[in-house]
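Letters A, B, C and D mark the chains as written, and numbering starts fresh at 1 in each.
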Amino acid sequence: MRAYTDTELMISRAAQELENGDTTLVGVGVPNLACNLAKRTHAPDLEMIYESGTIGSDPSRLPLSIGDPVLATNARSVVPMTKGFGYYLQAGRIDVGFLGGAQIDRWGNINSTVIGEYDDPAVRLPGSGGACEIASNTDRTIIIAPHSERRFPAEVDFVTSPGYVGGRENRESLGLRGGPEAVITDKAVMRFDDDGEMIVASLHPNVSKTDVRNATGWDVQFSADLGETRTPTDDEIDLIRNDLDPDGIYTGGDGD
Amino acid sequence: MTDVLEMSEAISRTVEDGQRIYLGGFTHLIPFAAGHEIIRQGYEGLNLIRATPDLIYDQLIAAGCASAVTFSYAGNPGVGSLRAFRRAVEDGEPNEVDLEEYSHFGLVSRLEAGAKDLPFVPLRSYVGSDYPEHNDAIRFVENPYDDGIDEIAVVPPLKPDVAIVRAQRADEDGNAHLWGITGEIVEAAFAADTVVLCVEEIVDRSVIRSDPNRTHIPGTVVDCVVEEPYGSHPSYAQGYYDRDNDAYLEWDEISETHESTQEWLAEWVHGVDGRAEYLEKLGTRRLLDLQPRSNLSVPIDMGDY
Amino acid sequence: MTDVLEMSEAISRTVEDGQRIYLGGFTHLIPFAAGHEIIRQGYEGLNLIRATPDLIYDQLIAAGCASAVTFSYAGNPGVGSLRAFRRAVEDGEPNEVDLEEYSHFGLVSRLEAGAKDLPFVPLRSYVGSDYPEHNDAIRFVENPYDDGIDEIAVVPPLKPDVAIVRAQRADEDGNAHLWGITGEIVEAAFAADTVVLCVEEIVDRSVIRSDPNRTHIPGTVVDCVVEEPYGSHPSYAQGYYDRDNDAYLEWDEISETHESTQEWLAEWVHGVDGRAEYLEKLGTRRLLDLQPRSNLSVPIDMGDY
Amino acid sequence: MRAYTDTELMISRAAQELENGDTTLVGVGVPNLACNLAKRTHAPDLEMIYESGTIGSDPSRLPLSIGDPVLATNARSVVPMTKGFGYYLQAGRIDVGFLGGAQIDRWGNINSTVIGEYDDPAVRLPGSGGACEIASNTDRTIIIAPHSERRFPAEVDFVTSPGYVGGRENRESLGLRGGPEAVITDKAVMRFDDDGEMIVASLHPNVSKTDVRNATGWDVQFSADLGETRTPTDDEIDLIRNDLDPDGIYTGGDGD
């Protein structure tokens, strides 16, 4: 088995969350690589939609932004934002959304707005973009983030994108669709239990329960059938390095 | 009536200190040339409104043109932070700016309400989030139907004083063909009181009328038309030139301090008298690198009846 | 997955007695061939929904397929009454039909709410009119903003069981290019549970992908595709054939009595086994008379990036 | 002066209501002829919009319906109905709308829905189409109808398209824009007074006050400066007969 980087593991693991035929709202960076990897392996019919309004994109190279011209050329359709957000996302036509965030709490609520007080922030983050809508209207969201106590606090400073809010029932009663399906970090894969609380489903190779506990801001629970995370295959590593990100913009140079 | 103007005159005629300004375009067709002209003419106290402030508002903020920013995603897309935006918000440099914040759908829905002259537009967002707590414009109304939804979020109309938007081609009357990512451009044009339309090329009326379904902006909402090729660089015009992703990556370093940002503005904005000189400075090599191979659409037949 | 089917199979697979059916198209691209197939297959108890019932619903009503009509303008456009519609409403011939009535904007707003999965869409109509008194679906909500408007009319989503819509061209996956008057076609396709797309011609995927901004109906919302040239006659397909205005004028006489209407149905619907035979019966002379001179759009360049 | 038909007079008079630069929502029949006549005479910059979504139509021949292909070919723009009704009409971008109707009352309220009871009608009419929206959202509406007591009752059976509802103040308080500007019949031109009540502004040649009184279902008032209606010029008659309606579909054969 070849050596791989943390990012490559996350890309490959995120790709596994996608089923052939899924419609997915793709973000830049790791989600973009994960979707394109899935499309070239087990999910050739994956429908890739970008919040810029490109529907069924088939990019000949990896875009830097979610609005690069390569996403429009050869797409199935291109629509204005009112339509992408209204007729596609809000209408429930999108199965999977990818989200990142500066803070993620035990219910999968995400903060990408501010660190500190909203009106006097220590760090002003970019804000929602379409994240609030993606979190509210897709069937399942996949959250991707590095694992640290700062990232996974007991409570987020601002709920940009609702997860299970205060639990599965809470989310449902608010009329929100779906909810977080998995959280993929550089240490573990986490899922959500019947109450909607995040629990560790698998640990990455060479990561201990203690490592995860120390990097999580609450007393995180572990699944009864805790396993080891699937690692990237040689083919996947080749695809990522040679085809998807040949310049190593996203996957960096920390592998091999 | 629509006037065909030079950029400097279009801006001086339409923009005033303190106005609410919308520079349209989601990643695509961002009116950088117009933004630079606003900086050169030294406007102040603007409320800069855009879904994605992008580099252009980072530059306007650094130049001291803004007293407020209304937005939904203040990042350098695919790269990271907007550093000048953050300096203004976190440290008040070069001045404090007020923020009014939405998600993308909330902001474009506000434009849609403005374009349609509706008192509000409903959307299935914001429940379970902290937005309503910090933005009084986001409200909820009761659903008068018995279908399992008790209430829904609404946003009020947004009608910018001036919208500056770009399109690939238009006729002299301002009837514009757009293609590729159209984002929120059309809604901004219909919502604003005054509209400046900047295009890659002015074409004959017969070109526009040959395909009326593509005329997303009618000349009847346009106050003036500016022809300025490459006016979106480092953003792009689908079919005309590529997004200059290197420039977006470089901005992360250029904007690292207020001083380094000022140096860049001095050289690339104040140091040129307009887009033509900017392009000369950029050099043909870079423009050629951004040139896509052509890839024409299969025409449609409108029929001659 | 989208299936490419013959019309008879597309209808028998998707339509069931008692359903709410939307045949899309405002004057343009009306799916007459599909309507005739519904008559031939003898469906009953349909709730026929269309902004403009037009001749096609007059024929379906006369054939006894309808138990309800949901509409906003029940006239023969530019000519006068829909006589079969009136006989059903005024005299219960051949059977009573329930009516649910809107103005155009109300009905298309219902489709829009359905397409967007909103509990309601607001519109500045109906105040001062008698509609709300006779249609409980039209309601009013309070405006939560203090801008001079106290309340506004709203309509709930409309999600037909089946929408049958036409476009000029599509690929085998059902990605459709439409041009000319698109009316409410796209909203109907997005709002319905099941979508049958009928086209003048199936084209290569590369034709559709060469101009993605024109793909107003994506294959992902389409259940089956039927290729049937001239399937809209006596309505029309922009660039392919003209509206047969003589046929619309003649219908006023053909439909004068229930009996004369039945005779026409016997000859032109039951008397043919499908659109190809209908066209043969119509004759080449009439088709040639409806042929416009060609008038191609100036292509756009999407760029090959 | 040449002989003209009633319809030709109505067309020519309606055309006079249009100013150069107006944006007008055109209906079929007389309004269509009036708009096209205005465009070829004093209002070359008239912007013609049809409720089918054709914007700035420039038809090479007269359409039968408001959705004929000739309205789309060579138009400024063509938009879906959601946009024509939302971004143009509701947004207040249309100056003038033309309306007809089976019944018109003293406040300019129009019925084009039913004669008799709504649930058990004597005559079922086509209904609103876009008329309710046109009446609610344009700056001024021009109503065109033949003059008879049946057409002009004291009260309409159903308000399809609101005029001044119960008076100008009433309309304004309901948040409706503009209102009826003129009613053009085959006997007279009527306008609306300060209260929003219809009054006779001019009589057509050879029509008496009594003729109009007898053909109106309430005690209609006459303007203090009651005049005679302007009659069509020779040029206008030529344009109508030779260019606009050469087959006499709308203008019939009752003239000359």
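Just so it is clear, a residue touches a chain if its C-beta (ideal position, glycine included) is under 8 Å from a C-beta of that chain, and two chains touch if they have at least 3 such contacts.
Here the structure is a predicted model, which means the values were calculated and not measured.
Chain centres were defined as the mean of their Cα atoms; on that basis the chain farthest from subunit B turns out to be D.
Work out the mean CA point of subunit A and of subunit D, and you get 58 Å between them. Between the Cα centres of subunit B and subunit D there is a gap of 41 Å. Per-chain CA centroids place subunit A at a distance of 28 Å from subunit B. Touching of two or more other chains is recorded for residues 54, 68-69, 72-73, 78, 86, 90 of subunit A. Annotation for subunit C: residues 117-118, 123-124, 149, 179-180, 182, 213, 238, 242, 292, 295, 302-305 touch two or more other chains.
Chain contacts in this assembly follow no simple pattern; the graph is neither a line, a ring, a star nor complete. Contact residues on subunit D toward subunit B in their complex (touch as defined above): 23, 47, 54-56, 58, 60-61, 68-70, 72-78, 86-87, 90-93. The residues of subunit C lying in touch with subunit A in their complex are 115-118, 175, 190, 208-209, 212-213, 215-216, 218-221, 302-305. Subunit D contributes residues 28-29, 51-54, 63-69, 71-73, 78-82, 85-86, 89-90, 109, 113, 118-119, 121-124, 126-133, 136-137, 158-162, 165, 170-171, 174-176 to its touches with subunit C in the complex.
Those residues of subunit B whose C-beta lies close enough to touch subunit C in the complex are 117-124, 139-145, 147, 149, 152, 154, 156, 168, 177-180, 182, 203, 207, 210-211, 213-214, 238-240, 242, 292-305.
Across the complex, subunit D is touched by residues 26-28, 51-52, 71-75, 77-79, 81-82, 85-86, 89-90, 101-106, 108-109, 112, 123-131, 134, 148-150, 179-187, 236, 238, 242-243, 245, 248-249, 292, 295 of subunit C.
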